[in-house]
Structure formats: structure tokens, C-alpha cells
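Both complexes shown next keep chain A, but they swap its partner, so chain B is in the first and chain C is in the second.
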Partner chain A sequence: MSKYYLAWAKDEEIRKKGANGGFVTATLVSALENNFIDAALVVAKKSVYEGIPVLTSDPEVVKECAGSLHGAPINLTKYVVDYAAKKRIGLPTKPCDARGIIEQAKRRQVNLDNIFMIGLNCGGTLHPLRMREMAADFYELDPDSVVKEEIKEGKIFLVSEEEGGEEKEKWIKIDELEQKGYGRRDACKSCVTKIPTSADLACGNWGVPQGEKKTFVEVLTEKGEAILKNAIDSGYVDIEEAPGKGIEMRKKIEAGMQKLATSWKERMDEVSTLSRSGRFEFYVDALKNCIHCGACKEVCPVCACEADSKCLDMNDERDSYAISMYNMLRIFHLMDSCIHCGQCEDVCPVDIPLTLIQRRFSERMQRHLGYIPGMDVKEKPPLYETELRWSAEAE
Partner chain B sequence: MVEMKIKSSICPGCSVGCGLYLLESEEGEEREIKILHRKNSAVNEGKLCKFGTDLHTYYEREVLNNSVEGEEVKQEEAIREAKERLGSIKPDELAFIALPSTITNEEILSFVSLASEFGCENVSFGFERFFREIPEEASYIIEKGLSFSEVEKATKIILFFLDPFVHYPLLARRILKAKKNGARVIEVSFAKNERGIADETVLVEPKGIERIKEKKELFEDSLIIGELTPYMNSQFLELMLWINASTTSRLFLLKPFLNSTGAFLLGGNRNGKEARKRKDLFEILGGIEGGEIKALYLLETDLAGAMHGSEELFETISKLDLLIEQNAFRTPLSDVANITICSEPFFMKKGTLVNIEGRVIENGGESENNVQIMESMGKGRSYEEVHEEVKRRLGLAEISEFEIAVKREEKSFEMAEPKIEIEERKEEEGKEEYFLWYKTNPFFWNGIRAKNFVEISPAAMRKLGLFRGDEVEIVQGERKERMGFKISELPDYLILSEAKMSIKPLQGSLTRVEIRRAGE
Partner chain C sequence: MGKSEGEEWEPKILAFCCNWCSYAGADAAGLERRQVPPTIRVIRVMCSGRIDPAFVLMGLLEGADAVLVTGCHIGDCHYVNANNKTRNRYEFLKEFVDELGLEPERLWLRWVSASEGPLFAEMVREVTEKIKKIGPSPLRREWKK
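Up next, the complex of A and B:
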């Protein structure tokens, strides 16, 4: 199915405000204006450190949300499930958004026919507060003066607004920041899904000739082709064939980033070097701190259980186990489906390294089952309890 | 189409003041509230405890209406009636109570000025008696907390009868970070923390609290973290202050109410001077019981929810000539209130708060209604005027959650050695003696999410002949409570509770009780 283009918004304002020529914004705006979709789910920028999901049918709101926002590590899956499951919507999706939505579709929480995923290639997101600290400590900027950020060519660029309105750009290599414990979130550093191939389109700047403000677009599905055609036909977007060199370059960048992610994964796995008793101690030490707030389950993009879940039902606070049934069941429950997005760890009030723990169990299981969650909607989640849900619903 | 509205707000569960988003969605008639994690919040980085994660249930309670003597009326009429009736009562027979969980700084100023419009000096934010019982120079410890970065930087932390996983879970991660940074954590407690956060536990027997005084050297160069609640035994506070005064330690007291610091600083309590003159929550209730106080104005305060044993409270309240309740949600006392005034829920309010660290944080709402209600009975100022006054009083030019605007300066003070008295009781032959320790208090988390079991020792389980699934009956005189139980590593005589029960904590959070297998 894959077709490759370079694309850009024809509207000058969108092109200027949006990242890489404003293709994503222009595509969503045209889809809304032609009733191709009922609503767009976008992230409104409050500052470079803060974004809020907005479900809107107003093209002007979509235009306002144009541009990259790496400091707002939100996963949009649950918003789609909760607020847009029955609508035709379009949304920009990082690979982890797309994978979450695909897993929810398998669990019949959303109908993929109604969802247009404009995938965004993703090198990773940053925790907003770490980004503030980074701005102050490494870029020597007043964090509140930072008005723009961009990640490109292995560097994080911050643009600050100086007195008198003048803009000043500073950059530092990501690797340099990450060696010092800053930069991207741990989950992002170790994520190998850099191009959202389970979305309808995959967009980004990898493969775009240097100096050009265009988006490299891979068309992955018929829906992707349709939404692109709508944007072109309505005069919002221009395209040209992607040059072979660009396609190769994009592949190379992806492979390089995957290699780096794999090395991070190994470096961050502090458990692998421990003895058997050391590993046991690590799990007990980390998980005994759980206060059973339920936030990890609440934000998990692949969990579809809501309140009627085994991890909640079978957990009794009167039990005195160091690792509760809640945690045991969640680890088991997610072994086939965890996409390692790190949302659980982001919200854990006692900082349990949930991404690492979950990954240690689920990656091996997923390898064993030959199953990569969130990549293909036709592939059923292999574990038994989901089978039960499937068969119950099929009846 | 579903309409999604997202507001930034603050969790009203305790004085930590966690930032969050509140998502309101509407589809036709259906309205839903969902809590989202605000990762850019300087206080909590998007992390929330159980109360915060489930905060939508707090906002889904039954809404209060505007009423006069049970008849639904327009808000203006309820306000007019309230003003008229308050004016007809002698100033010293009036009392105003606001436990500052959901009350902004602006509301605190309006509330105090409303009370003064009627000449009333009985204004309580819950803690007044403590100011009276300690040296004036030590008031700053009650008034102001410390930033969590100070906790992370501490080299020695003493948890003084405080389990951070239970009381203030967002503090726990700061203590864990301090440990990672090399801090030594010591807990002084009646029972060992089951998660083993401490490197060392100094177990104290209820009858031997006095002996803590002999271990003064333990506290040298430490950051002592404790809790102050309206239920606290004053001697306990004096003990903490005495340790602090006589060692090189710092004392950090957390409180169950979100805006305690704002209430202390703006409620006229600076250096405790005003507070010393005022009656506190329990003294006002005593005044109502004794017939000296005849009218009570409750601002967003669920007194029944905050009390162990609400039957007595109803008896006390029935002695009032006038009860006015201003609240967003119904409380058990709404049914007996003469006038109810419906205000906006906290997340809808415009206004600022001061968290325990001293950050002045803006709540993300837009409603000025609550301030306007009080100002329309009082000075008649606009919201902006009150807000400017807040800024002036707190010495703020700009408001930023990323700054610690209310800083505290450590001061030295003299403190007499306190004597700790434990409730005396004649021991009855053959009867086992148990102490019930309320590990948390009903003010915390606004009394929501209390557990339905108590913790007992394995020895107590054996002595009582209990099996899994049984229940215990805890008895204090005429008061009885039936509860589930959990086995924990506790001293034999200790019963630990995170439940809200009718049994009164006569000695701060500690009281003697009997316990037996339920149904015997």
C-alpha cells in the first residue's frame, strides 16, 4: 500500500505555524471543512511545556493547535475511547497513540473505520518539568521565556523571546543531555517504533531535503489515501513524489534511531545484571510502595477493563502481601499488550519504574507469542482472558 | 457531539495542593467529570494519590440549593435573609467556621471581613487553640511549611508518627528521593511502617511517649516531618516544638486542609496574634453546647463529615438559633440549616491558594460567585479588589506556581519542657488493654475514602480467636464499631485505623478501647 510523497500546506499561515510545512494541520482542517470527519482531536498548546487535548469541529481551533509540542507527553487513546468512539474523527497520532487506538479497536472500544490517524514520526517526548529544568540549567534560559522548541538532527532547539521581542535560538545535542539524565522520557528513549506504521498516514521531516519546509508523507491505508485526496482536492495541500534519496534517508534515520533505542533499553535495564535474589529484591522494593491509587490503570492506553477488572476485584487491601494482587494481575494482564509508552510511570505517585518492570515481563512474552501489540488490527491479542472477552462479545 | 472542557485545577484533598486537569464533558443531558494528570504541575508533576485520581466522585455529590427554612429560594433572597438574621444576633453570640480545604485566599479575606462586618471575633479555620498554647515566636512553624525540594535535600529525616504513604502520598516520593540522595530516614512511631521506608524505627509505647524526650540527640541535624490536625493533642505539638527548639532540627508540619497556609496568613493570623484571641473549632462547638454561641456560619465545611461521632454534633447544632451553610454540595447538616446558600464547586472558582510549600497557585476556574456572595453581605468589594488585597498581603507582584512565594525563616525560640499525660483509666482485671491509633483523621481527604477495616497484631488475632473474614467490635464506653480487620506487624496492644469511626480520639489520635470478636 505504501506510497511516499512530500507534502505541504498551501495556506501560508498554516505553513508558517505548522511543523514541516503544516501538512498535518491543513489535512485536518480540510477534512473538517468538507465534513470528511465530524471532529478533530488535537492538542492545544498552552506553553511549550503544556498541551491540552481538544475535541473540536472548528477548523480555526485546529489551525491554532498547529506546530510541534514535545513537552506534552499525552497519549490520546483514552480520549478517543471516551469522547469520540462513535464519531468520525481525525487526529495526529504518535506511534504510541496509534498503537493504543489499534489495541482498543481489538477490544471493540472504538471503530477504526471512523478514525483517521495522521501518524507523526516520533523521536520521543520530554517531561515538561525536566524540560523546564533543562532550559534553566543547560540552556541558561529563563524557562518562562521559551516560546518554541524543536527536535531535529539529533538536537533539541529552544527558542526564547528576549526583551524587546527578539527571538534567540539555542541547541544542545540530545545525546549530551541524555547522558546527564535529561532529554526524552525513558519510555521514549527505549521505544523502537519511530514511524507509526499502524496509522493511516505517517508524517515527519525525515527524508525531506535539507532546507525545505515540507512533510514526508507515507500513505499506509486506503483511509489515509482518502483523507490525503480530500486535502489535495479541496486545495489545502500540495504534494510531489518523494525522491528515492529521501525514502532511503528516512529509512536510515529510522534504523539509526531504533539502534539507539535498543542500546538505551539495554543501558536502562538495571535489573538484568542482578542476581536472582537481587531481582526479587528489586521487584519487591519497587512494588511494595504502591498505594493503589489506580492511576496506572486509568491512563493505560491498552487497558479496556474500566471498573470491572480483575486487578481491582481480586485485590484486597486487607491482604498483607509486599507485592499486591493488583500489581501482579496488571503485569500479567498487560504481558501480551503493553506498548511500553510509559504513561503509567509518568503518573505513578510513588515513582515505581513501571515501564521497566512491565517491559521486562511483556517484551519476552510478546517475543514468545510472536505478537507486537498495536501494529495490526487483524491480529488478536493472544492471551486467554482477552479471548474470553472476544468470545463473550461474539456470542 | 461530546463537548469537552478542560480546566486546570488543584486537588482539595490535603495541603500538598496537587495540580490536575478536570475534564467536563457533555453529551445531551449527560454531564461527566474526569480527572486528568497535569504533568506540568510544579507540585506533583502530574502524579496524584487515590483521592486525586478519584476526585470526580468528590465533585459528583448532591448539589446544595439556596433555601430559607427548607423552602427553595433564589440566591439573592437567601443572601438577603442571611444578612438580616446575622445582623439581629449579638456579635459575641456569632461564630464563623471555614475549614480551608476548598476555600481560596480571596474567599478567606471576604470571609474574615464578613465576620467583622457583624462584629464577630469567633472565626475559626480549625487550628486557633494551637497558637494560644505555644510561644508566639514558634507560630511560624504552624503557619508555614517547607518546599519539597528541602525534603529531597535533607540528610536526615525523622517521620514523627507519620506514614507518608497513608497521610500525604505525594510526600512519600520526595522522601524516597531523599533516600536515593543518601538521606537517613528514621521513623518515630507506635508501629513500624509496613513498606519499610525508614532505615531505623524508634518504637514508642503509648504510655511511654515521655521517653522520646530522652532521645533528643536522635533529632539533631534532622528534618522532622509531622502532621498538625485540629484533633491533635496540644501536648504532642508542644513535644515536637520542644524537640525542635532544643536541637538543631527543622520541623515541617503538614496539614489536612489545602489552603491552611493561606488561611493562617490571610485570616488575620499573622504570627498567631489574631488566632490567639479566637475560639477554635472545638471551642466554638463547646460554646454552642453551652448556649453562649447562638448562630453559626459554615463556609464550605462539612462538620459532620469531619467529626468522629456525628450524633453528638447534631445535638449540639440543634441548640443554635441560626445555622447558615454556604457550600457547593449538601452535607448532613444541610437538612437542619436555617439558610443554605449554594456556591460554586471548587474547580469552577477563580482564585489563588497557598500550598504547604508556600507556592501561590491559581485555581483554573472563572467563577467569582463565592466571593461575591460574601462581599454582598459585607464590604461590597469586587473580586479584583479582593484579589489585589491578597497579592498585597502576600507581597506578590506576579503569581507563579514555579516560585516558592511564601518562604519561611527559621527562628529560635524558648519552649518549656512539656509533660505528656496519657488518658488514665482503671485497669479491669482480666480485660486486655488496647490502644486505638487513628493513623489518619477525618479532615484529611475531606473524610472521603476512609477504610472499612482496622489493623491488628497477629497476637491480638489469636487472643480474640479471629479467623479470616471475621469482624471485630471496637468499644469505647457506649460507642461501638464493627469493622473488618487486617493483620499487620504491630505491637500486641495496638489497633491501627484509617477508618472513620464514632470512637473519639480522646488523646489526640490515640485512645484506649476494648476489642472483641464481633457477634460474641
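Up next, the complex of A and C:
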């Protein structure tokens, strides 16, 4: 039911503060004011290196949170879980947020009817620590002086505040940074889901005519249509048909990004060139530092296990296995459902390359199954199925 | 690995057998006095559907050179269709074992009915021979150190 619009906030303040047209913020604000949702989950800027999720029913807080934070690689899925059981919630969702929420819905942790996912196209986020290093080493800026960041036209812009309040802007091409190991997180570099097609709306700047302060909006579901209608009817948002050229352009950029992601994926996969025994050594070596803190499981947007999960329960610190039960089970458990968001690696206190490991195991399984997690709530996780589609065919 | 000169290395094979079919099949092999290599360690479960993939993984970590998952033939499961789930999980295990860098021969799924004693004996011989060829599991070697 795809429909494409250009949309913007009618309130000048919101439009100015918004990343593009302020549409996302205005839509959430009007939904809150009209009691269309009970709360909104947005991301508050602490600094360019830190964004924290805020669950609020105060429209003013939502307004303050307008804008895109590329140095806040958070996944919002788990913050929705408890709340959305009973109340209606609206939130911006990057593709990995939307996919996480869909996976939680499959596991009956959330009621999708209560969740309005205002999707954001996403080219990727940066890891805050790497971003600080990047600011110091490549931009030659004091990392703490950076007050603004922006990604546009293939460049990362950093704005620093010098003594005396003067602002200075510097940019470097993303490609150049990424060749040197900086730039976006590994998970983002290799992510092919750039438009959140499992959300209710998909918003972004791709397809917006140059120089115009508008948000490109794709309507994906009836819920998306309803929340958009609410925003228009209450006078918060204006829309116009998206020009055909814009729609084309957006498709073209998406395809280009996907191609780049695929090539990154191949380049970053250091395991693919190893022999069978080399692979084994790699996994044993990579996982041997694990301290079984459980952080990767805690942040995982797909996992719905409680504190007494099997992976932790069957793990015994006294075992001297080559690979711990915790890691074996975490990896096994996610083979059908990993959405490759990289949250696990971000929080790992001993820096295990989990993005790569989880991807290696899950991607081949998902290809084998012909299953892509986080896309369609009606498709159950195959590990829970009695019968696989293809095994029935094989008979 | 603790064996004296000239003595042939004996693999350790862990077999999960379902109470109603494959366990009875193993029993039948014994009653018929068929030669079954002493490499096999049997764990009886009520149904192959009870075999959590975690058990298989733990078996490998504990030092099994191969793990054999067995149960009733499809359609014969005593709990309606639980062995379909077994088959489903096996597909996951197969990919997992392969990606981990273990040889695919370290994991087996076979359906054996109560009357298939000869088949059971033959299966154990086949697995033993294959494992002897590829040698001890690298997981086990690590574990011994």
C-alpha cells in the first residue's frame, strides 16, 4: 500500500530543530496531544556522543528531542517491551529498531496494535568511542568541543565550539574515514536494510529536492496512515505528493547503499578465507575471553528470555570447555533470528567481534531457510516450528 | 591420549535414543547378539523431541567425537509429531556444526524402529569407521589440555 509524500512540521520551531522537515517530531507531538498515543519514546541528546531513550507523555520533551543522533547507536526495542503491553506508544524506529520490535511481537512480548513505528531510513550510526578518536585524529578537534554532527552527501560534518563561542565546521568523506577503520559501526557498514519497511511509516531525506527542508515519507501500513492523518487533521503537519523524480532518486540511493554494504560485508569477513580448522581456531580464540556477564543477551533486541535463560542457566564457570555453553547457546539460539544490529558487540566488555560471529552463523542459516527476521510478524521463527517449509518439500 | 603404543584409538560416540523405537532397536541388536562397536554411549530419552540442541552441543563439548540423534521413523513418533521438531532442530545443528569448523560427520540423525536391530548395529559401525578416519574432535582435544 505504499504511498509517498513530502511532509513537514507547520510549527517553525519544530521544523527548524528537526533533522529534515521535523515531520517525525510533529507527528509524535500531535499524537500525544490528541491522545492518539499514551506516550512517545524519543532519544534525548546528552552530547554528540550520547543519546538516551526517554519515555514521555510530555510534548515539550518530544520537541526537545528533534534531530538525528548518529553517535547514539542504541536500539529502542527493549524499552518498548514492558510499556506496550497495555498502553499505546509512538516512536521513531531505525530499521533495526523496527525489526527488533517485530521479533518481540512474534515472541508475544509486545502487542503491535499498541505500537506506532515512525520509521527512519538509516545509513548507519557511529560508535561513540571511535567517533571521539576520529574527531581527535582526523578532524584535529578536541573531542569535547564537538557540539554538532551531521552526515550528508557522503561526508561526516563535525562542528566544534571554540573559545569565545565561535563555531567551526569541518568535514571528511565517509569513504576516506572508513578505509582507515573509522566511520560507521561494522554492523551498519554491512547492513542492507536501509529503509524500515516493517515499520508503519518510513521517513528520511532521500528523495527530498535539494535545499528543501522537508521529510520524505512512505506510508507502509494502515496504522501509519492513521497517525499521519491525525497529524494533518490537527494542523501539525503539511504534506504534498512526492515527485516521481524523488521516488526514483530514493530507490537509486538505497540500491547504491545496499551494494556498498554487501561489498563491506565481504571485505570485513576475515573468516571467509579460512579453512575449516582455521575457522574453528578463530571462534575458539575469539570467544575465549568471554566473562559471561550476559550483557549481549540483555541488549539483544531479538532475545525474549528472562534472567533464568537457558544460555546462562546451562553455563557453569567451572567448565573448561573450548567454547562455553553460554556462547554456544547464544549463537545457536539466534541462527534464525539475528538481525545483525551489532548491539552485542557494542556492549561487550571484552570486545569480542560478535557482529561478525553472529552474522557468520545466522546468515547462512537464514539463507538456507529463505527467512528474513524482523520483516513479517506473521512468519514465526523457524526454530520454533514443527515442520520447516522446505523439509516438507523434501519428502 | 592415554593409550599405549600400537593400541588403536577408539572414538567416543554419544547416542541419544528414544525410548520407544531406537532404544528398543539397540536392545534388539543385543538380543540378536549382533556385534556393536564399544564406541557408543547411549542416553535414553522418552522421545527424540526431548533432545534439546543444547544436549547435543554439551555432548560435543564434553568430549564426544560424534553425536548421534536417533528416534522413531517420521509418522511413528509416540508423541504425535515431536520427531518432526527433531528433524527441524537437526537442520540448525548441522549448519552450526559446519560453521563452527567441525566435520559434518560429527553429527548424525537416524530413524531406527524397535525391530531394526541390524540397522542399529550397522549404523554404529558406520559412524565409528567414519570417525576413526577423521580422528578426535578438536573440541575434545582442547578440553583435555
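Assume the second predicted complex is superposed on the first by the 376 of 395 C-alpha atoms of A that agree within 3 Å, B and C clash if a C-alpha of one lies under 4 Å from a C-alpha of the other, contacts with A are read in each partner's own complex, and residues count from 1 in each chain.
Definition applied: a residue touches a chain if its C-beta (ideal position, glycine included) is under 8 Å from a C-beta of that chain, and two chains touch if they have at least 3 such contacts.
Small disclaimer: the values here were computed from a predicted structure and weren't measured.
In the superposed pair of complexes, A:Ser320 makes contact with chain B and with chain C alike. Applying the stated contact rule after C-alpha superposition, one finds that A:Phe332 touches chain C and leaves chain B untouched. Once chain A of one complex is fitted onto chain A of the other, the partner contacts of A:Pro128 are limited to chain B, with no touch recorded for chain C. Shared-chain residue A:Val299: touches chain B; no touch with chain C. Legend: residue contacts after superposition of the two complexes on their common chain; A:Asp186 is shown touching neither chain B nor chain C.
Put simply, chain A uses residues 319-320 to touch chain B in one complex and chain C in the other. Partner chain B is touched in their complex by these residues of chain A: 38-39, 47, 49-50, 52-55, 57, 71-73, 79, 82-84, 87, 127-129, 132, 143-144, 288-289, 291-295, 298-299, 317-320, 346-351. For chain A in complex with chain C, the touching residues are 276-284, 310, 314, 319-323, 325, 328-329, 331-332, 335-336, 360-361, 364-365, 368, 382-383, 385-388, 391.
Listing the residues of chain C that touch chain A in their complex gives 53-54, 57-58, 61-62, 81, 84-85, 87-89, 91-93, 95-96, 99-103, 138-139, 142-143. Those residues of chain B that touch chain A in the shared complex are 1-2, 4, 6, 21, 25, 34, 37-40, 42, 44-50, 52-54, 165, 169-170, 172-173, 176-177, 194-197, 400, 402, 451, 453, 484-488.
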